[in-house]
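Both complexes shown next keep subunit A, but they swap its partner, so subunit B is in the first and subunit C is in the second.
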Partner chain A sequence: MKEKRETMILGGAGLLIGVIAVLLVKFGNPANMGFCIACFLRDTAGAMGLHRAGAVQYLRPEIVGLILGAFFLSLGRKEFSPKGGSSPVTRFLLAMCVMVGCLMFLGCPFRMVLRISGGDGNALLGLAGFACGIGVGVLFLKKGYSLKRNYKQTKAEGAALPILTLALLLLAVIVPVLFFATEAGGGPGGSHAPLLISLAAGLIVGAVAQLTRLCMVGGIRDLILFRSVRLLMGFVGIFAAALICNLAFGFFKFGFAGQPVAHSDGLWNFLGMLLVGYGSTLLGGCPLRQLVLTGEGNTDSAVTVLGFLAGAALCHNFSLASSANGPTLNGKIAVVICIVIVSIVAVANTIGKEKGR
Partner chain B sequence: MIDARGRSCPEPVLMLRKAMTSKEASYEIMVDNRVSVENITRYGQHEGYRVTVEEREDDYLLRLEK
Partner chain C sequence: MICFVTFYSHFDAIRMRRRLEDLGIGAVLMPVPRDLSSSCGTCLRFETDLPLPDFLSEGTEKVVEALGGGYRVILSSEEAP
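Up next is the complex of A and B:
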């Protein structure tokens, strides 16, 4: 019974998040991009000048809101528990690989769901790849894959990144000239909802995700591992609400060609998201979940978020990121290399762990 | 007793599941976060065990009994 109730709560949370995501598009975010953790971290990396791709530079308040929403709610619920030290460098590396996959596909798992609900057929291939990647990751989990245990950290360590993101946002408001920002019409970075709306949306979704432990990777992983659909319901809720809202606002357009901020190269959409599913399973959660855990004081997740940021910068500096025109050759090579790197990490952290160490 | 402190989701549940292949009437597992408490409680009940949780300073000791 309890499980049924939890499943309902997750579905309800998903519905709320789905509505908020489409409203963000209504208020100015790029199409099918109410939320995209990968895209928003990439835009944020661009805002700080970590990469110089002029079309994707904007300090996304949603990111700050997601971390702080989880931060404040976890403090209120006495769930703020600073911990870390579970293979941070490996996590940084995995995060960079996951970002390479996200920017091949043009979206994180969250945006993948939003793209499907907007009628983007390419994202269905992404979903197939994503599920396959998680399946591979689960094989290693079953064999005893582990990045070893974490340890308690000080409150200051746990709060460092959440407070830093708040400081960054304040700086961007007070001294905007320090930051790069795409002009309106100059690319995805130039399309955004008003700051306070974005921030509020982030805060709400961050808090809801903290409360419900919503995770895109966890949903499919638990389905494969434990035959449990509980976490998956969050996914389903987001899809259903976003679909209805997209239809209501006339945003829904089914097809493969010409979808907003997307390309139609099926193989690389599949492989990009396979990399994301695989790497995220080894990291223990999707990019959204990593932001929420950062808010809860998990410094391993904070390192992961920094890895996403570095990965996004690298993607644009080395021309790995796809565009509406399709993937780049560099991007294809990088995805293959990253799948190899993730596999090495998986094997290296599975061997010898069978005895439950 | 299984010591799953410091392990993040879903590792504690997998450690328990592995131990459960011996089909004993009771198990004890120590974790240090509420997510793991919830996940193990859910998994234990699903497998037909009664689950009790005891808080020990910053950790949680879960007892599973048939």
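Up next is the complex of A and C:
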């Protein structure tokens, strides 16, 4: 009974988030990119000058809102629980690899769902790869994979990154000249909803995701591990609402070629998202979930978010990120190397566990 | 009583289920209920009238007893160094 109620709440939360995501596009965000944690962290890295790809630089208020929405709600619900110390360097490394996969595909799992609901067939191949990656990660979970336990941290430590993001946003508003920003029409970074709308959308979705534990990776992981569709319902709700809104606003366009901020190289869309599913399962959640956990005071997730930022900078400084023209050779090599790195992390943190039985 | 045990890893939960089953206690592996925690790992649910075994502290995050509308914490390793 309780599980049924949770499933319904997750479905409802997904519907709300799907509507908000398409409204953000209506208000100015790039097409099929109402939300994309990877793209928005990449834009934010660009805004701070961590990379110099002029087309993707903008301090996205949605990111700040997502973290703070989860932060304030968890404080209000007495669920703000600072903890960390579970292999932070390994998490940083995994996060960089996940970002390489995201920027090969051009989107995080959240945007993958939004791309499918906009009619982008390439994202279906991404979904197939994503599910396969989670399947591989689950095999390691069953064999004993663990990054070891976390420990209680101080409130100041848990609140450090949420407060830092707020300070960054305030700085960007008060002294905008400090940050890089793509001109309107100059690329995806130049397309954005008004600041307050973006911030409000982030706050609402962050709070809803904290309340429901919505996670794109967790949905498929729990389906495989427990045959539970509960978390998956968030995923389904986002897809359904975004599909209806895209149809209503005339944004829906089914096909593979010429999709917005996407390429049609099926193999690399598949492999990019395989890497994302694999790495995120080992991290314990998708990029959206990492932002929400950061808001709850989880410093391991905060380190993961910093890893995403560093990974995004790496992708654009070394030409690893794809574009509408397709993947780059450097990007293909990097995805293969990252799959190997993630596998080494998986094996190294799994072997020997069976002995403890 | 009905107990829930949360863990730091999925494998710890699998291992604990085996140990409980060796004692004749049937335990179900499931996602952690939302009202128990905001984290989304694996937990075990089991029912027993026997005293809880000592090994329940190994690799576990928390052991709680389900009451009518909530939970009573029996063991928590959150404060451990």
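Criterion: the second predicted complex is superposed on the first by the 354 of 357 C-alpha atoms of A that agree within 3 Å, B and C clash if a C-alpha of one lies under 4 Å from a C-alpha of the other, contacts with A are read in each partner's own complex, and residues count from 1 in each chain.
Criterion: a residue touches a chain if its C-beta (ideal position, glycine included) is under 8 Å from a C-beta of that chain, and two chains touch if they have at least 3 such contacts.
Keep in mind the model is a prediction, meaning the values are calculated, not measured.
Once chain A of one complex is fitted onto chain A of the other, the partner contacts of A:212 are limited to subunit C, with no touch recorded for subunit B.
Using the contact criterion defined above for the overlaid structures, shared-chain residue A:231 touches subunit C, although it does not reach subunit B.
Of the two partner chains, subunit B and subunit C are each touched by A:79.
By the touch criterion defined above, A:266 reaches neither subunit B nor subunit C. Look at A:54: by the touch rule set out above, it reaches neither subunit B nor subunit C.
Partner contacting the larger number of subunit A residues, of subunit B and subunit C: C. In the superposition on chain A, A:28 makes contact with neither subunit B nor subunit C. In the superposition on chain A, contact of A:146 is made with both subunit B and subunit C. Shared-chain residue A:12: touches no atom of subunit B or subunit C.
Put simply, subunit A uses residues 2-3, 79, 81, 83, 86, 141-142, 146, 148-152, 213, 218, 222, 225-226, 228, 230, 284-285, 356 to touch subunit B in one complex and subunit C in the other. Those residues of subunit C that touch subunit A in the complex are listed here as 8-12, 14-15, 18, 29-31, 33-35, 38-42, 61, 77-81. Contact residues of subunit A toward subunit B in the complex are 2-3, 79, 81, 83, 86, 141-142, 146, 148-152, 213, 218, 221-222, 225-226, 228, 230, 284-285, 298, 300, 356. On subunit A, the positions that touch subunit C within their shared complex are 2-3, 6, 74, 77, 79, 81, 83, 86, 141-146, 148-152, 210, 212-213, 215, 218, 222, 225-226, 228, 230-231, 284-285, 289, 296, 353, 356-357. Those residues of subunit B that touch subunit A in the complex are listed here as 2, 5-11, 13-15, 18-19, 32-35, 42-43, 46, 58.
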